[in-house]
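Data block below; observations after.
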Amino acid sequence: MDAVRERHVLRAELDELYAEYLGCLNDERFEAWPEFFTERCLYKIVPRENFERGLPLATWLCESKGYLQDRVVAIRKTAVYAPRFIRRIVSGLRVIAVQGDEIEVRADYTAFETLLDELTRVFNVGVYHDRIVREGGRLKFREKICVFDSMLVPNSLIYPL
Amino acid sequence: MDAVRERHVLRAELDELYAEYLGCLNDERFEAWPEFFTERCLYKIVPRENFERGLPLATWLCESKGYLQDRVVAIRKTAVYAPRFIRRIVSGLRVIAVQGDEIEVRADYTAFETLLDELTRVFNVGVYHDRIVREGGRLKFREKICVFDSMLVPNSLIYPL
Amino acid sequence: MDAVRERHVLRAELDELYAEYLGCLNDERFEAWPEFFTERCLYKIVPRENFERGLPLATWLCESKGYLQDRVVAIRKTAVYAPRFIRRIVSGLRVIAVQGDEIEVRADYTAFETLLDELTRVFNVGVYHDRIVREGGRLKFREKICVFDSMLVPNSLIYPL
(Lines give C-alpha, C1' and ligand atoms only; values in the text may rest on other atoms or scores of the structure.)
Protein backbone atom coordinates (compact mmCIF):
# COMPACT_ATOMS: atom_id res chain seq x y z
CA MET A 1 0.00 0.00 0.00
CA ASP A 2 1.52 3.30 -1.03
CA ALA A 3 1.83 6.35 1.22
CA VAL A 4 -1.10 8.28 -0.30
CA ARG A 5 -3.45 5.30 -0.04
CA GLU A 6 -2.29 4.72 3.55
CA ARG A 7 -3.06 8.34 4.41
CA HIS A 8 -6.54 8.11 2.94
CA VAL A 9 -7.28 4.89 4.82
CA LEU A 10 -6.19 6.54 8.07
CA ARG A 11 -8.35 9.55 7.29
CA ALA A 12 -11.38 7.32 6.64
CA GLU A 13 -10.76 5.53 9.95
CA LEU A 14 -10.52 8.86 11.78
CA ASP A 15 -13.74 10.10 10.16
CA GLU A 16 -15.43 6.98 11.51
CA LEU A 17 -13.91 7.41 14.97
CA TYR A 18 -15.12 11.00 15.33
CA ALA A 19 -18.58 10.18 13.96
CA GLU A 20 -18.92 7.38 16.50
CA TYR A 21 -17.54 9.49 19.34
CA LEU A 22 -19.99 12.32 18.67
CA GLY A 23 -22.82 9.89 17.98
CA CYS A 24 -22.23 8.33 21.40
CA LEU A 25 -22.42 11.71 23.14
CA ASN A 26 -25.28 13.09 21.04
CA ASP A 27 -27.33 9.95 21.78
CA GLU A 28 -26.53 10.40 25.48
CA ARG A 29 -24.97 6.93 25.71
CA PHE A 30 -22.56 8.38 28.28
CA GLU A 31 -21.59 5.00 29.78
CA ALA A 32 -19.92 4.11 26.46
CA TRP A 33 -17.95 7.38 26.37
CA PRO A 34 -14.93 6.37 28.53
CA GLU A 35 -14.38 3.38 26.22
CA PHE A 36 -13.15 5.81 23.55
CA PHE A 37 -10.10 6.48 25.76
CA THR A 38 -7.05 4.50 26.79
CA GLU A 39 -6.69 3.45 30.45
CA ARG A 40 -4.13 6.18 31.12
CA CYS A 41 -5.39 9.27 29.39
CA LEU A 42 -5.88 12.99 29.66
CA TYR A 43 -9.19 14.74 28.97
CA LYS A 44 -9.40 18.50 29.38
CA ILE A 45 -11.77 21.32 28.51
CA VAL A 46 -9.89 24.62 28.58
CA PRO A 47 -10.49 28.19 27.37
CA ARG A 48 -8.36 29.19 24.36
CA GLU A 49 -6.88 32.13 26.24
CA ASN A 50 -5.50 29.84 28.96
CA PHE A 51 -4.37 27.22 26.48
CA GLU A 52 -2.45 29.68 24.31
CA ARG A 53 -0.79 31.32 27.30
CA GLY A 54 0.13 27.93 28.75
CA LEU A 55 -1.92 28.54 31.90
CA PRO A 56 -2.80 25.32 33.68
CA LEU A 57 -6.36 26.24 34.69
CA ALA A 58 -8.91 23.92 33.06
CA THR A 59 -12.70 23.91 33.20
CA TRP A 60 -12.71 20.09 33.22
CA LEU A 61 -9.74 17.87 33.95
CA CYS A 62 -9.79 14.06 33.94
CA GLU A 63 -6.50 12.22 34.20
CA SER A 64 -7.54 8.61 33.64
CA LYS A 65 -10.38 6.49 32.30
CA GLY A 66 -11.51 6.06 35.92
CA TYR A 67 -12.02 9.82 36.22
CA LEU A 68 -14.13 9.78 33.05
CA GLN A 69 -16.27 6.99 34.51
CA ASP A 70 -16.70 9.01 37.72
CA ARG A 71 -17.89 11.92 35.60
CA VAL A 72 -20.53 9.75 34.01
CA VAL A 73 -21.78 8.61 37.43
CA ALA A 74 -21.96 12.28 38.46
CA ILE A 75 -23.90 13.18 35.31
CA ARG A 76 -26.43 10.42 35.93
CA LYS A 77 -26.89 11.42 39.58
CA THR A 78 -27.22 15.12 38.85
CA ALA A 79 -30.81 16.25 38.76
CA VAL A 80 -30.50 19.90 39.69
CA TYR A 81 -30.04 21.22 36.19
CA ALA A 82 -32.80 21.97 33.72
CA PRO A 83 -33.08 19.19 31.14
CA ARG A 84 -31.29 19.97 27.92
CA PHE A 85 -29.89 18.36 24.80
CA ILE A 86 -26.40 19.07 23.57
CA ARG A 87 -25.62 18.26 19.95
CA ARG A 88 -22.00 18.32 18.85
CA ILE A 89 -20.77 18.52 15.31
CA VAL A 90 -17.25 18.24 13.95
CA SER A 91 -15.47 19.65 10.90
CA GLY A 92 -12.02 20.18 9.46
CA LEU A 93 -10.37 17.02 10.76
CA ARG A 94 -6.65 17.21 10.05
CA VAL A 95 -3.76 14.89 10.85
CA ILE A 96 -0.95 17.02 12.28
CA ALA A 97 1.63 14.27 12.75
CA VAL A 98 2.09 10.52 13.03
CA GLN A 99 4.91 9.74 15.45
CA GLY A 100 5.60 6.17 16.49
CA ASP A 101 2.25 4.73 17.56
CA GLU A 102 0.64 8.11 18.08
CA ILE A 103 -1.52 10.14 15.69
CA GLU A 104 -1.89 13.81 16.44
CA VAL A 105 -5.18 15.20 15.18
CA ARG A 106 -7.04 18.51 15.25
CA ALA A 107 -10.69 19.00 14.46
CA ASP A 108 -13.04 21.93 14.97
CA TYR A 109 -16.20 21.28 16.95
CA THR A 110 -19.43 23.16 17.59
CA ALA A 111 -21.91 22.30 20.32
CA PHE A 112 -25.53 23.44 20.30
CA GLU A 113 -27.73 23.49 23.38
CA THR A 114 -31.49 23.05 23.46
CA LEU A 115 -33.33 23.61 26.71
CA LEU A 116 -36.86 22.37 27.20
CA ASP A 117 -39.24 24.87 25.64
CA GLU A 118 -36.43 27.03 24.32
CA LEU A 119 -34.93 27.47 20.90
CA THR A 120 -31.59 25.90 20.11
CA ARG A 121 -28.54 28.13 20.56
CA VAL A 122 -24.80 27.95 20.04
CA PHE A 123 -23.32 26.57 23.24
CA ASN A 124 -19.60 26.09 22.80
CA VAL A 125 -17.23 26.30 19.85
CA GLY A 126 -13.61 25.25 19.70
CA VAL A 127 -10.99 22.81 18.50
CA TYR A 128 -10.00 19.33 19.65
CA HIS A 129 -6.27 18.76 20.19
CA ASP A 130 -6.13 14.98 20.20
CA ARG A 131 -3.54 12.22 20.52
CA ILE A 132 -4.77 8.88 19.29
CA VAL A 133 -3.30 5.38 19.51
CA ARG A 134 -4.33 1.96 18.27
CA GLU A 135 -5.36 -0.43 21.05
CA GLY A 136 -6.80 -3.87 20.44
CA GLY A 137 -7.47 -2.99 16.79
CA ARG A 138 -9.44 0.13 17.70
CA LEU A 139 -8.39 3.77 17.67
CA LYS A 140 -8.54 5.36 21.11
CA PHE A 141 -7.88 8.78 22.56
CA ARG A 142 -4.79 8.98 24.75
CA GLU A 143 -5.31 12.71 25.03
CA LYS A 144 -8.21 14.95 24.14
CA ILE A 145 -8.04 18.65 24.87
CA CYS A 146 -11.13 20.69 23.98
CA VAL A 147 -9.96 24.28 23.54
CA PHE A 148 -12.97 26.58 23.37
CA ASP A 149 -13.08 30.10 21.96
CA SER A 150 -15.12 31.90 24.59
CA MET A 151 -13.44 33.58 27.53
CA LEU A 152 -16.63 32.87 29.44
CA VAL A 153 -16.70 29.57 31.21
CA PRO A 154 -20.20 28.22 30.51
CA ASN A 155 -21.86 27.67 33.86
CA SER A 156 -23.70 24.69 32.52
CA LEU A 157 -20.89 22.53 31.19
CA ILE A 158 -22.49 19.34 32.50
CA TYR A 159 -21.91 16.97 29.59
CA PRO A 160 -18.69 16.04 27.78
CA LEU A 161 -17.65 17.60 24.49
CA MET B 1 -12.13 -5.99 -2.57
CA ASP B 2 -11.62 -6.57 1.14
CA ALA B 3 -14.13 -5.60 3.82
CA VAL B 4 -12.28 -2.49 5.02
CA ARG B 5 -11.87 -1.13 1.50
CA GLU B 6 -15.54 -1.87 0.80
CA ARG B 7 -16.55 0.06 3.94
CA HIS B 8 -14.48 3.07 2.90
CA VAL B 9 -15.95 3.05 -0.61
CA LEU B 10 -19.46 3.00 0.85
CA ARG B 11 -18.55 5.82 3.21
CA ALA B 12 -17.22 7.92 0.32
CA GLU B 13 -20.43 7.27 -1.62
CA LEU B 14 -22.53 8.29 1.36
CA ASP B 15 -20.48 11.47 1.84
CA GLU B 16 -21.27 12.33 -1.77
CA LEU B 17 -24.96 11.52 -1.38
CA TYR B 18 -25.39 13.77 1.66
CA ALA B 19 -23.39 16.60 0.09
CA GLU B 20 -25.59 16.46 -3.01
CA TYR B 21 -28.78 16.18 -0.96
CA LEU B 22 -27.94 19.25 1.12
CA GLY B 23 -26.56 21.10 -1.89
CA CYS B 24 -29.90 20.56 -3.65
CA LEU B 25 -31.86 22.00 -0.71
CA ASN B 26 -29.40 24.81 0.06
CA ASP B 27 -29.52 25.92 -3.58
CA GLU B 28 -33.33 25.81 -3.40
CA ARG B 29 -33.56 23.36 -6.29
CA PHE B 30 -36.62 21.86 -4.57
CA GLU B 31 -37.96 20.16 -7.70
CA ALA B 32 -34.92 17.85 -7.64
CA TRP B 33 -35.44 16.95 -3.98
CA PRO B 34 -38.02 14.11 -4.37
CA GLU B 35 -35.58 12.37 -6.75
CA PHE B 36 -33.38 11.55 -3.76
CA PHE B 37 -36.13 9.19 -2.55
CA THR B 38 -37.51 5.85 -3.71
CA GLU B 39 -41.08 5.71 -5.08
CA ARG B 40 -42.40 4.22 -1.85
CA CYS B 41 -40.75 6.08 0.96
CA LEU B 42 -41.21 7.69 4.34
CA TYR B 43 -40.10 11.24 5.16
CA LYS B 44 -40.74 12.61 8.62
CA ILE B 45 -39.71 15.55 10.76
CA VAL B 46 -40.37 14.78 14.40
CA PRO B 47 -39.36 16.24 17.79
CA ARG B 48 -36.86 14.09 19.72
CA GLU B 49 -39.17 13.84 22.71
CA ASN B 50 -41.91 12.22 20.58
CA PHE B 51 -39.46 10.02 18.72
CA GLU B 52 -37.84 8.65 21.87
CA ARG B 53 -41.21 7.99 23.53
CA GLY B 54 -42.51 6.33 20.38
CA LEU B 55 -45.30 8.90 20.00
CA PRO B 56 -46.64 9.01 16.44
CA LEU B 57 -47.09 12.80 16.18
CA ALA B 58 -44.88 14.28 13.47
CA THR B 59 -44.39 17.87 12.36
CA TRP B 60 -44.08 16.75 8.74
CA LEU B 61 -45.14 13.39 7.34
CA CYS B 62 -44.81 12.30 3.72
CA GLU B 63 -45.51 8.68 2.84
CA SER B 64 -44.47 8.51 -0.81
CA LYS B 65 -42.50 10.38 -3.45
CA GLY B 66 -45.82 11.82 -4.64
CA TYR B 67 -46.32 13.47 -1.24
CA LEU B 68 -42.85 14.98 -1.48
CA GLN B 69 -43.69 16.39 -4.91
CA ASP B 70 -46.93 17.86 -3.53
CA ARG B 71 -44.85 19.54 -0.82
CA VAL B 72 -42.67 21.16 -3.43
CA VAL B 73 -45.70 22.49 -5.29
CA ALA B 74 -47.01 23.90 -1.99
CA ILE B 75 -43.64 25.56 -1.28
CA ARG B 76 -43.59 27.23 -4.69
CA LYS B 77 -47.17 28.47 -4.30
CA THR B 78 -46.70 29.77 -0.79
CA ALA B 79 -46.10 33.48 -0.72
CA VAL B 80 -47.35 34.40 2.72
CA TYR B 81 -44.09 33.88 4.52
CA ALA B 82 -41.26 36.35 4.79
CA PRO B 83 -38.45 35.43 2.38
CA ARG B 84 -35.65 33.52 4.05
CA PHE B 85 -32.72 31.27 3.31
CA ILE B 86 -32.18 27.99 5.12
CA ARG B 87 -28.68 26.52 5.03
CA ARG B 88 -28.26 22.96 6.23
CA ILE B 89 -24.99 21.35 7.23
CA VAL B 90 -24.24 17.75 8.14
CA SER B 91 -21.67 16.06 10.37
CA GLY B 92 -20.88 12.74 12.01
CA LEU B 93 -22.21 10.45 9.30
CA ARG B 94 -22.17 6.88 10.61
CA VAL B 95 -23.26 3.58 9.13
CA ILE B 96 -25.32 1.77 11.76
CA ALA B 97 -26.01 -1.42 9.81
CA VAL B 98 -26.03 -2.93 6.34
CA GLN B 99 -28.84 -5.50 6.08
CA GLY B 100 -29.74 -7.03 2.76
CA ASP B 101 -30.07 -4.16 0.30
CA GLU B 102 -30.58 -1.55 2.99
CA ILE B 103 -28.02 0.74 4.61
CA GLU B 104 -28.99 2.29 7.91
CA VAL B 105 -27.28 5.63 8.47
CA ARG B 106 -27.31 8.37 11.08
CA ALA B 107 -25.94 11.86 10.63
CA ASP B 108 -26.26 15.02 12.69
CA TYR B 109 -27.61 18.09 10.94
CA THR B 110 -27.85 21.78 11.72
CA ALA B 111 -30.01 24.26 9.86
CA PHE B 112 -29.46 28.02 9.93
CA GLU B 113 -32.10 30.56 8.97
CA THR B 114 -31.49 33.98 7.49
CA LEU B 115 -34.41 36.34 7.06
CA LEU B 116 -34.18 39.36 4.83
CA ASP B 117 -32.44 42.14 6.77
CA GLU B 118 -31.81 39.96 9.78
CA LEU B 119 -28.76 38.18 11.06
CA THR B 120 -28.43 34.45 10.61
CA ARG B 121 -29.56 32.30 13.52
CA VAL B 122 -29.69 28.64 14.47
CA PHE B 123 -32.97 27.28 13.15
CA ASN B 124 -33.15 23.56 13.81
CA VAL B 125 -30.67 20.97 15.06
CA GLY B 126 -31.07 17.22 15.09
CA VAL B 127 -30.16 13.84 13.67
CA TYR B 128 -31.17 12.04 10.48
CA HIS B 129 -32.29 8.43 10.92
CA ASP B 130 -32.02 7.18 7.36
CA ARG B 131 -32.58 3.95 5.42
CA ILE B 132 -30.89 3.95 2.05
CA VAL B 133 -31.09 1.54 -0.90
CA ARG B 134 -29.40 1.32 -4.28
CA GLU B 135 -31.77 1.96 -7.18
CA GLY B 136 -30.65 2.22 -10.79
CA GLY B 137 -27.02 2.61 -9.69
CA ARG B 138 -27.84 5.50 -7.39
CA LEU B 139 -28.27 5.61 -3.62
CA LYS B 140 -31.75 6.72 -2.58
CA PHE B 141 -33.56 7.31 0.67
CA ARG B 142 -36.26 4.77 1.43
CA GLU B 143 -36.73 6.41 4.81
CA LYS B 144 -35.53 9.69 6.26
CA ILE B 145 -36.58 10.74 9.72
CA CYS B 146 -35.33 14.12 10.91
CA VAL B 147 -35.38 14.02 14.71
CA PHE B 148 -34.89 17.53 16.07
CA ASP B 149 -33.77 18.49 19.56
CA SER B 150 -36.14 21.31 20.39
CA MET B 151 -39.45 20.68 22.09
CA LEU B 152 -40.71 23.72 20.27
CA VAL B 153 -42.16 23.06 16.88
CA PRO B 154 -40.76 25.85 14.70
CA ASN B 155 -43.73 27.73 13.28
CA SER B 156 -41.84 28.40 10.10
CA LEU B 157 -40.86 24.93 8.98
CA ILE B 158 -41.61 25.67 5.35
CA TYR B 159 -38.70 24.01 3.62
CA PRO B 160 -37.40 20.43 3.88
CA LEU B 161 -34.46 19.44 6.06
CA MET C 1 -7.01 3.31 -11.35
CA ASP C 2 -10.68 3.19 -12.25
CA ALA C 3 -12.96 6.24 -12.39
CA VAL C 4 -14.69 5.60 -9.05
CA ARG C 5 -11.41 5.11 -7.20
CA GLU C 6 -10.03 8.25 -8.87
CA ARG C 7 -13.08 10.24 -7.72
CA HIS C 8 -12.67 9.04 -4.14
CA VAL C 9 -8.97 9.91 -4.12
CA LEU C 10 -9.79 13.42 -5.37
CA ARG C 11 -12.48 13.75 -2.73
CA ALA C 12 -10.05 12.70 0.02
CA GLU C 13 -7.53 15.27 -1.25
CA LEU C 14 -10.19 17.98 -1.25
CA ASP C 15 -11.26 17.08 2.29
CA GLU C 16 -7.63 17.55 3.33
CA LEU C 17 -7.34 20.86 1.48
CA TYR C 18 -10.41 22.36 3.12
CA ALA C 19 -9.45 21.10 6.57
CA GLU C 20 -6.01 22.70 6.20
CA TYR C 21 -7.45 25.91 4.79
CA LEU C 22 -9.89 26.31 7.67
CA GLY C 23 -7.31 25.16 10.20
CA CYS C 24 -4.97 27.88 8.97
CA LEU C 25 -7.63 30.58 9.42
CA ASN C 26 -9.02 29.22 12.69
CA ASP C 27 -5.51 29.14 14.17
CA GLU C 28 -5.03 32.73 12.97
CA ARG C 29 -1.97 31.82 10.92
CA PHE C 30 -3.01 34.49 8.42
CA GLU C 31 0.43 34.82 6.82
CA ALA C 32 0.04 31.28 5.47
CA TRP C 33 -3.40 32.01 4.02
CA PRO C 34 -2.36 33.53 0.63
CA GLU C 35 -0.29 30.38 -0.02
CA PHE C 36 -3.55 28.48 -0.57
CA PHE C 37 -4.07 30.54 -3.74
CA THR C 38 -2.44 30.68 -7.16
CA GLU C 39 -0.48 33.82 -8.10
CA ARG C 40 -3.30 35.05 -10.33
CA CYS C 41 -6.50 34.45 -8.43
CA LEU C 42 -9.86 35.85 -7.46
CA TYR C 43 -11.13 35.99 -3.89
CA LYS C 44 -14.53 37.50 -3.20
CA ILE C 45 -17.03 37.72 -0.37
CA VAL C 46 -20.43 38.60 -1.74
CA PRO C 47 -24.05 38.58 -0.50
CA ARG C 48 -26.21 35.86 -2.06
CA GLU C 49 -28.72 38.41 -3.33
CA ASN C 50 -26.04 40.19 -5.37
CA PHE C 51 -24.45 36.96 -6.53
CA GLU C 52 -27.72 35.48 -7.78
CA ARG C 53 -28.71 38.68 -9.56
CA GLY C 54 -25.27 38.96 -11.13
CA LEU C 55 -24.60 42.30 -9.43
CA PRO C 56 -20.89 43.09 -9.25
CA LEU C 57 -20.85 44.61 -5.74
CA ALA C 58 -18.69 42.58 -3.37
CA THR C 59 -17.98 43.02 0.32
CA TRP C 60 -14.39 41.90 -0.21
CA LEU C 61 -12.59 41.68 -3.52
CA CYS C 62 -8.99 40.55 -4.02
CA GLU C 63 -7.73 39.99 -7.54
CA SER C 64 -4.31 38.46 -6.96
CA LYS C 65 -2.19 36.78 -4.29
CA GLY C 66 -0.57 40.18 -3.70
CA TYR C 67 -3.96 41.61 -2.70
CA LEU C 68 -4.43 38.77 -0.24
CA GLN C 69 -1.03 39.48 1.28
CA ASP C 70 -1.95 43.18 1.59
CA ARG C 71 -5.10 42.13 3.42
CA VAL C 72 -3.04 40.16 5.93
CA VAL C 73 -0.79 43.17 6.55
CA ALA C 74 -3.92 45.29 7.11
CA ILE C 75 -5.31 42.71 9.55
CA ARG C 76 -2.11 42.67 11.58
CA LYS C 77 -1.95 46.47 11.70
CA THR C 78 -5.59 46.93 12.63
CA ALA C 79 -6.08 47.47 16.32
CA VAL C 80 -9.31 49.42 16.40
CA TYR C 81 -11.61 46.42 16.61
CA ALA C 82 -12.54 44.53 19.73
CA PRO C 83 -10.60 41.26 19.93
CA ARG C 84 -12.56 38.28 18.69
CA PHE C 85 -12.16 34.74 17.49
CA ILE C 86 -13.77 33.50 14.30
CA ARG C 87 -14.17 29.75 13.88
CA ARG C 88 -15.15 28.45 10.46
CA ILE C 89 -16.56 25.04 9.74
CA VAL C 90 -17.28 23.37 6.42
CA SER C 91 -19.79 20.77 5.26
CA GLY C 92 -21.27 19.27 2.13
CA LEU C 93 -18.21 19.44 -0.11
CA ARG C 94 -19.23 18.54 -3.66
CA VAL C 95 -17.32 18.36 -6.91
CA ILE C 96 -19.41 20.13 -9.56
CA ALA C 97 -17.13 19.56 -12.54
CA VAL C 98 -13.59 18.65 -13.56
CA GLN C 99 -12.64 20.49 -16.75
CA GLY C 100 -9.11 20.40 -18.05
CA ASP C 101 -6.86 21.23 -15.09
CA GLU C 102 -9.62 22.87 -13.09
CA ILE C 103 -11.84 21.37 -10.40
CA GLU C 104 -15.05 23.22 -9.61
CA VAL C 105 -16.14 22.68 -6.01
CA ARG C 106 -18.92 23.88 -3.74
CA ALA C 107 -18.98 23.57 0.02
CA ASP C 108 -21.20 25.13 2.69
CA TYR C 109 -19.50 27.05 5.44
CA THR C 110 -20.51 28.50 8.79
CA ALA C 111 -18.50 31.02 10.77
CA PHE C 112 -18.95 31.62 14.49
CA GLU C 113 -17.77 34.73 16.27
CA THR C 114 -16.69 34.98 19.88
CA LEU C 115 -15.97 38.38 21.36
CA LEU C 116 -14.05 38.73 24.59
CA ASP C 117 -16.45 38.21 27.49
CA GLU C 118 -19.34 37.39 25.22
CA LEU C 119 -20.98 34.16 24.20
CA THR C 120 -20.31 32.66 20.80
CA ARG C 121 -22.82 33.51 18.07
CA VAL C 122 -23.42 32.67 14.44
CA PHE C 123 -21.46 35.18 12.39
CA ASN C 124 -21.79 34.33 8.72
CA VAL C 125 -23.22 31.39 6.80
CA GLY C 126 -22.90 30.64 3.11
CA VAL C 127 -21.38 28.58 0.35
CA TYR C 128 -17.95 28.55 -1.26
CA HIS C 129 -17.91 28.59 -5.07
CA ASP C 130 -14.35 27.46 -5.75
CA ARG C 131 -12.11 26.73 -8.72
CA ILE C 132 -9.08 24.68 -7.84
CA VAL C 133 -5.97 23.72 -9.79
CA ARG C 134 -2.90 21.60 -9.10
CA GLU C 135 0.30 23.62 -8.78
CA GLY C 136 3.63 22.11 -7.78
CA GLY C 137 1.89 18.98 -6.53
CA ARG C 138 -0.46 20.93 -4.29
CA LEU C 139 -4.09 21.89 -4.79
CA LYS C 140 -4.59 25.66 -4.85
CA PHE C 141 -7.53 28.00 -5.20
CA ARG C 142 -7.63 29.90 -8.48
CA GLU C 143 -10.98 31.32 -7.48
CA LYS C 144 -12.87 31.38 -4.20
CA ILE C 145 -16.18 33.16 -3.93
CA CYS C 146 -17.82 33.17 -0.51
CA VAL C 147 -21.53 33.71 -1.09
CA PHE C 148 -23.22 34.50 2.21
CA ASP C 149 -26.93 34.21 3.01
CA SER C 150 -27.54 37.42 4.92
CA MET C 151 -28.59 40.58 3.15
CA LEU C 152 -26.82 42.44 5.94
CA VAL C 153 -23.20 43.13 5.30
CA PRO C 154 -21.50 42.34 8.61
CA ASN C 155 -19.75 45.50 9.75
CA SER C 156 -17.02 43.47 11.33
CA LEU C 157 -15.83 41.33 8.45
CA ILE C 158 -12.19 41.76 9.39
CA TYR C 159 -10.86 38.25 8.84
CA PRO C 160 -11.05 35.98 5.78
CA LEU C 161 -13.62 33.24 5.40
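Per-chain residue numbering starts at 1, and chain names A, B and C are given in the order in which the chains are listed.
Here, a contact is a pair of C-beta atoms (placed from the backbone, for glycine too) under 8 Å apart; a residue touches a chain by one contact, two chains touch by 3 or more.
Note that the structure is a prediction, hence the values are computed from the model and not measured.
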item: Chains touching both subunit B and subunit C, listed by label; value: A
item: Same vs different contact residues, subunit A with subunit B, by half of numbers used; value: different
item: Whole-Å gap separating subunit A and subunit B, where each centre is the average of the chain's CA atoms; value: 26
item: Junction residues of subunit C - those touching two or more other chains; value: 8, 12, 89, 91, 110, 122
item: Residues on subunit B engaged by subunit A in the complex (per definition of touch); value: 4, 7-8, 11-12, 48, 89, 91-94, 106, 108, 110, 122-127, 149-152
item: In the complex, subunit B residues that touch subunit C; value: 8-9, 12, 15-16, 18-20, 22-23, 26, 85, 87-91, 110, 112, 114, 116-122
